[in-house]
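Naming follows writing order (A, B, C and D), and every chain is counted from residue 1.
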Amino acid sequence: MRPIVFLAIATSTLLSADDKSVLQHTMDTRAAHYGEISRKIWEFAELGYKEKRSAELLSSELRAAGFAVVENVGGMPTAFTATWGQGRPVIGIMGEYDALPGLSQDDTPLRKPLVEGGPGHGCGHNLLGAASLFAAVTIKEWLAANRIAGTIRFYGTPAEEGGDGKLYMIRAGVFKDVDTVLSWHPSDQNGASLKSSLAMISAKFRFYGKPAHAAAAPDAGRSALDGLMIMANSLEFLREHVPVSTRIHYVITNGGSAPNIVPDYSEMFLYARHPGMPVLDGIWERVVKCAQAGALASETRMEMELINSSYNTLPNDALAALVDKNMRLVGGITYTREEREFAETIRKSLADRGRPIGSQEGIEPPQEGQGSASTDAGDVSWTVPMAEISAATFVPGVPAHSWQSAACAGMSIGRKGMLVAAKSLVLTAVDLFADPKQVEAAKASFEKRRAAFEYRSRIPAAQKPPLTYRDNK
Amino acid sequence: MRPIVFLAIATSTLLSADDKSVLQHTMDTRAAHYGEISRKIWEFAELGYKEKRSAELLSSELRAAGFAVVENVGGMPTAFTATWGQGRPVIGIMGEYDALPGLSQDDTPLRKPLVEGGPGHGCGHNLLGAASLFAAVTIKEWLAANRIAGTIRFYGTPAEEGGDGKLYMIRAGVFKDVDTVLSWHPSDQNGASLKSSLAMISAKFRFYGKPAHAAAAPDAGRSALDGLMIMANSLEFLREHVPVSTRIHYVITNGGSAPNIVPDYSEMFLYARHPGMPVLDGIWERVVKCAQAGALASETRMEMELINSSYNTLPNDALAALVDKNMRLVGGITYTREEREFAETIRKSLADRGRPIGSQEGIEPPQEGQGSASTDAGDVSWTVPMAEISAATFVPGVPAHSWQSAACAGMSIGRKGMLVAAKSLVLTAVDLFADPKQVEAAKASFEKRRAAFEYRSRIPAAQKPPLTYRDNK
Amino acid sequence: MRPIVFLAIATSTLLSADDKSVLQHTMDTRAAHYGEISRKIWEFAELGYKEKRSAELLSSELRAAGFAVVENVGGMPTAFTATWGQGRPVIGIMGEYDALPGLSQDDTPLRKPLVEGGPGHGCGHNLLGAASLFAAVTIKEWLAANRIAGTIRFYGTPAEEGGDGKLYMIRAGVFKDVDTVLSWHPSDQNGASLKSSLAMISAKFRFYGKPAHAAAAPDAGRSALDGLMIMANSLEFLREHVPVSTRIHYVITNGGSAPNIVPDYSEMFLYARHPGMPVLDGIWERVVKCAQAGALASETRMEMELINSSYNTLPNDALAALVDKNMRLVGGITYTREEREFAETIRKSLADRGRPIGSQEGIEPPQEGQGSASTDAGDVSWTVPMAEISAATFVPGVPAHSWQSAACAGMSIGRKGMLVAAKSLVLTAVDLFADPKQVEAAKASFEKRRAAFEYRSRIPAAQKPPLTYRDNK
Amino acid sequence: MRPIVFLAIATSTLLSADDKSVLQHTMDTRAAHYGEISRKIWEFAELGYKEKRSAELLSSELRAAGFAVVENVGGMPTAFTATWGQGRPVIGIMGEYDALPGLSQDDTPLRKPLVEGGPGHGCGHNLLGAASLFAAVTIKEWLAANRIAGTIRFYGTPAEEGGDGKLYMIRAGVFKDVDTVLSWHPSDQNGASLKSSLAMISAKFRFYGKPAHAAAAPDAGRSALDGLMIMANSLEFLREHVPVSTRIHYVITNGGSAPNIVPDYSEMFLYARHPGMPVLDGIWERVVKCAQAGALASETRMEMELINSSYNTLPNDALAALVDKNMRLVGGITYTREEREFAETIRKSLADRGRPIGSQEGIEPPQEGQGSASTDAGDVSWTVPMAEISAATFVPGVPAHSWQSAACAGMSIGRKGMLVAAKSLVLTAVDLFADPKQVEAAKASFEKRRAAFEYRSRIPAAQKPPLTYRDNK
């Protein structure tokens, strides 16, 4: 392994492009190792809070690199932090590594599950964790080689897909001393993001009634399904009277056991989303009233279990500008002939192809916007200044949470995107370490955007991490 | 006017058939007068609580006959009592005289409104009041002529059709000292009734929301119509889980004013019915919960105004047997050739002709059964022993509340039925006066059927008679 | 094994009570053998269309007794017939042997599953099959011993619990040549039945939509859940406008897979019932319209799979009278002290204890009535004259489809009831063989009740037996 | 009356500001006359298609000024055109004059209806018609005085508020030969508009069922209200799956007549809107499917009567620029002390005051945007190039369709706004007459925006103008 560059710099300015070029070059020589790690995690394909082998692989690499690892953060067996260095600033890099149910897929451009119905890395979190690891280790070496003060920390954040590991890590206090967090996510394009995600609250609404023989004594029963149906109908009437950017969607996870018995149990799983949490709070209150109305009208009992609560992402203008500058140094991705063929084949399976092949070669400028996804990184972004980076790990047009993205995440295209991400993280981090004004600017942007709003998770303080939330899937 | 028969009887046995025959004969000679009174009320066609001229006509006849008239009973301008005699027993006869909206009809067998859209006597209450008057006056003369102790009282009961005058008369205490009440109703057959009616509660449910421009700011509005719709949907889910003999039916009397405004007001008019009031109480509680759920889920305010509450009729076995015996003396109705032609013509307009022409000549035996109508006489029947008599004022097959019944009520067929009713009332009353054991038997039957159940009206004590309930029709 | 009695009778009168007493006595000596068979099937506890070992045990016994066995009737591996004799009359006896899911229970008066969540004989079909076997073999021996003409046939009918094996056996023609069928069922009382069951149709309604990201592009999706919900709402509105004795009940067996995806699939499982099939046909048409409306309004596709269709049972007056007479010879059941203790313990676990201990000692007279269950024996009863017998295999008050009934079916109380059933079947069958007038009377009763109505199964002709219907439970 | 200015101009350039200043000055001297006309129409306060006196007043003024009047256009008694001049270009000016129900209001800043519940000019159409008249006459005189070729035409367009008079005028062909149409509307601000309105379709959905006594035979009825309710529920489920800018809102205009009768008639009045007509077409199709589903599921019959169909307004960039330039010459409105007090008082009655007092003194620059209202002028804008002008006839913050706007429309503030409008129309028209390139530019802008889309009204060709649409209000 080639040693990290020694930089005779005064740590109060940005690194020169030349220095950064040397750093990138060094990383190219190490990319294969981290690519293999991403492949292993892709093969593990472990679901949220079950990512034992993935977390272990990442933390053992970090430990080997000299990081101090703290495990079982916030009571979550697959959450950990790995810290190296001392003094300020403290720069964090987040890594995720959980897979998605039902998306098992080989690294082929045609649908081919590895395990029928099994989980797969349809959101590319295998790359996410591995690139962040790659960046953290590189930064550590750079700090050490240049004897620069400061602390680099890797956050091993489990169960991003619906388990909200980051919320419980925030609650555990591990983000308290960090100055800036760098975050990236697999995508079909490259660029620093100024887009926001949707704030989201989700819950399971459970109704408890009184069973009775549905033919012999329907009047003796109190139908838990009726309670749920009245709630659902009420929600539909609600839609007209919430702000247009609201989203409310639900499925019925238990709609009664047998037709000849008045159901004494039913369950709805519901998400509500809005671009801003305070507005969402008001909407959520009304959702709960609909549930209470269902119970009231049907003489059943309703219990709500809050499952998720994610803030919308708070963009950071200073960090976006800094990332953008660095990504333009890193550059985009050029496909080999084989990769291009893979890309063309996989795009044939898409209904809507969006951006064209070739677009992955460029870097998109940061742009305000409203995404439609939700993520627990949103909560981090309201806690500390956070950068958000996209890298084109997926063929242009391939959406996340698809078998196509799972395929890309297992082959060279995914690994090329991962390298773009790792380099962008490293170059941005070294700027932050080298120039305190950058950290100040990030903080100023943070304060301006949040406008004195105090973050408070909507998850009740007593609620434990939903470690088994994937069991009933 | 021919004088009433003098009877040298010991007042401890039933009258002989011969004596009754003389009484009937006397009544035949006076029938034309009371027939004219029925025709006048038919022409007045006054709606509930508006029956000024009808009530005045009846009370002036009673006053002329020597009865002591008390007007404005229970705060109702068209409710009155007329009493004659002294001592026990006190026998009551009830008379109704309100018309129905929209049933204006000439005395012809083809549809021909007298006033387009105007009210008409589709329930034959013009005959009801006149026959009861006829009976009361006849009984008074018979009591006087024979110097028999006892009191005869006519109850002028307004607004039977949805205004529930009798409930407020009961509340006013005018039924407290009565021993037995005789009641009759126009029908398409003759007979003493053992059938029950349905207990009923009705109310208007009003929702109050917050208006907003439906295109510009639907989220600023809280839809009163949504509240009502959620209530309605909840009620539909309720249907499966109430006893099968329950009836719940409603209309939407206000569903918003203009499509481009989020409705801030809506109204539902709902009836619930069941054969027994205690069960209905439980059902009603659940109906109200559905309304509350509508308000809760839509963030609107709900107000309920109770409109009606009628008990199911409590049949009286002893009185039914006594009436049956007397009706067999009175006999049924034979049509003239013109009446038969009228009957045949009118029956052509019926979808379902039910019993045949000729059936009005007989007397049906008393039979248990469950009717589907509701009446405020039900409340009287839980207060004192009450007889219920049917007389064939309508052509066989003609249902109540139809233009066909309004036509019959205005011509000779109606008047023939009215005479059967008046005679049956008289013969039964004289038996009750003549034989104290009959009154005892009626009371025993009453106690047996009600089984210690204490009558209590579901109308709140503070609620006043709905004197204007016909205004918004 | 004690030989069957030889009867020097003229086959044109009923057997004498004495002869029957001898027959019963013989059966007592063989009861243990058949009790063991019932226990084995109880232990097999095989679900509908999976009753391989149960069917094999029964058919091997019949084959050993000289019956000609036909297997795989109507394409159902566990349906068979076993026939002995020749000429008329042909008398059939039906045997069922399928268990119920989730009712695994030891032969103890306290809840104790043998296999947690496993199947159990909560409807006592282990006794049903074994008693019918016992009867068939006894009758065969009696026919042989007395050289009486006629044919006895055992119908091995699988999957009564929702699989409707008998419908496919009727379709296969195996009931065409039979004169009378004798049927019995475990119960908590003894007696010939004149009660009817409810005609029933059940189906799975499946909606197919178009998936979309529920937050990003809800307008691109067509929700299969919406289709189902609109259907469900429509059904609730339907309730007011079907005859009061109708039953419609449903559960939602698939209500979408994940909240963040517009569901492209949903499923409702629905039963509709009514005392008569022609009326039910009309109701069913309207149920289907509700489903079509759901698809129409939501722009989804709806597919209906008919699962069950059972006729109401057509009682047979002549057979009920004959059975009643014979059951009075057989008599009821007396408990030992241990059995009484078992009964008292098990009754403590019942919310509603119904008839008292001791009632199982008597024979209930046949009585018209309307049950609330449904059975595929109903279809047989519209095809040929059918007797229906109840025997007190369950402790009084114990309902079918409970762990309590599963417990009884595995111990001596169940076996005592089974003996009552077997004897009643035998005595009735010998009367039918001995006296042709009895068969004529049964046929006359059948023709009178069905009143020219022609049986036709509501299952489409092309639909195969749902051999895997228990797989997705 | 002061004569119009004579202009020695070459008709191929815009008029100079000086010449325009002279024109404005002339108009100031005539403003009182047209102010009085606006006041008369304000007092007439005639509803859509009932505007006889208003239309007569306007057309008689035009006739007097030498215009050729064509009445009863498109079969509408209150629709007319008035034309003067010859040759091209043909410039149209539209005038509306219908009032709104329920908005009767005196010219006071406190709520004070002139006629309780009566109609009033809450949309300021009294000003609209009068200012357009003022402009048309002025232009005619200017054309005549300067002997300029070209034709000026006034379009008397009735029933803008829901009656869509313009659609039937387009259909009658009176817009075929026009080159450019100038349109203005009362507002609380001044400016040329580039905003669009919403395309809208509205209809009455009527359900026809089968009546039955709701207690005696609910199963014999087919509820028209059920049909409507199922439609309504289906619409609520639809909301999630239409584009977010869609609006669907409805009221129930008939929800059954009496609770004790299964409703055989019901009616819903529904609006659907979207920024673009082709998308709205697709949404409308789905609305109709919901209605059909309601009928299907309830076994009722559904009839739809299309009431309105308005296109979104197609802005015209060239005309907006031209209007903007002229309005800056005209300038805004300065209040007297009394007017300011009036404005301050009236603003106290507003929940949301929007723009401040003083803002009416300026001219807003043209800006793209999406309004939430709909208008039949939208259809004109897809037929010919159309300018849209706003003038501050209402106190800043006062919304249209309010008693506050009706008050303003009757007093000096309204008349000042009307003068701004009239001048802006005149100055723009003379530019169009003077400079053919302006008309060409307007046409080019029109072609560019409509992008080959061919206008076609959604009103069926056979449908007549809804001349009585205000009768059932």
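A few points about this structure:
Everything that follows uses one rule, which is that a contact is a pair of C-beta atoms (placed from the backbone, for glycine too) under 8 Å apart; a residue touches a chain by one contact, two chains touch by 3 or more.
Small disclaimer: the values here were computed from a predicted structure and weren't measured.
In terms of the stated touch criterion, the partners common to subunit B and subunit C are A, D, listed by label. More than half of the contact pairs of A-D, counted by residue number, reappear in one of A-B, B-C or C-D; that pair is B-C.
Farthest from subunit C, judged by the mean position of CA atoms in each chain, is D. If you average the Cα atoms of subunit C and of subunit D, the two centres end up 72 Å apart.
Between subunit B and subunit D, the centres computed from C-alpha atoms are 55 Å apart. Chain contacts: subunit A has residues 218, 229, 233, 237, 240, 244, 249, 262 touching two or more partner chains. Contact topology of the protein chains: fully connected, every pair of chains touching.
Listing the residues of subunit B that touch subunit D in their complex gives 198, 202, 213-218, 225, 229, 232-233, 247, 249-260, 262-263, 268-271, 273, 372-374.
Across the interface of their complex, subunit A is touched by residues 218-219, 221-223, 226, 229-231, 233-234, 237-238, 240-244, 262, 286, 289-290, 292-294, 296-299 of subunit B.
Taken in their complex, subunit C has these residues touching subunit B: 233, 236-237, 239-240, 244-245, 248-249.
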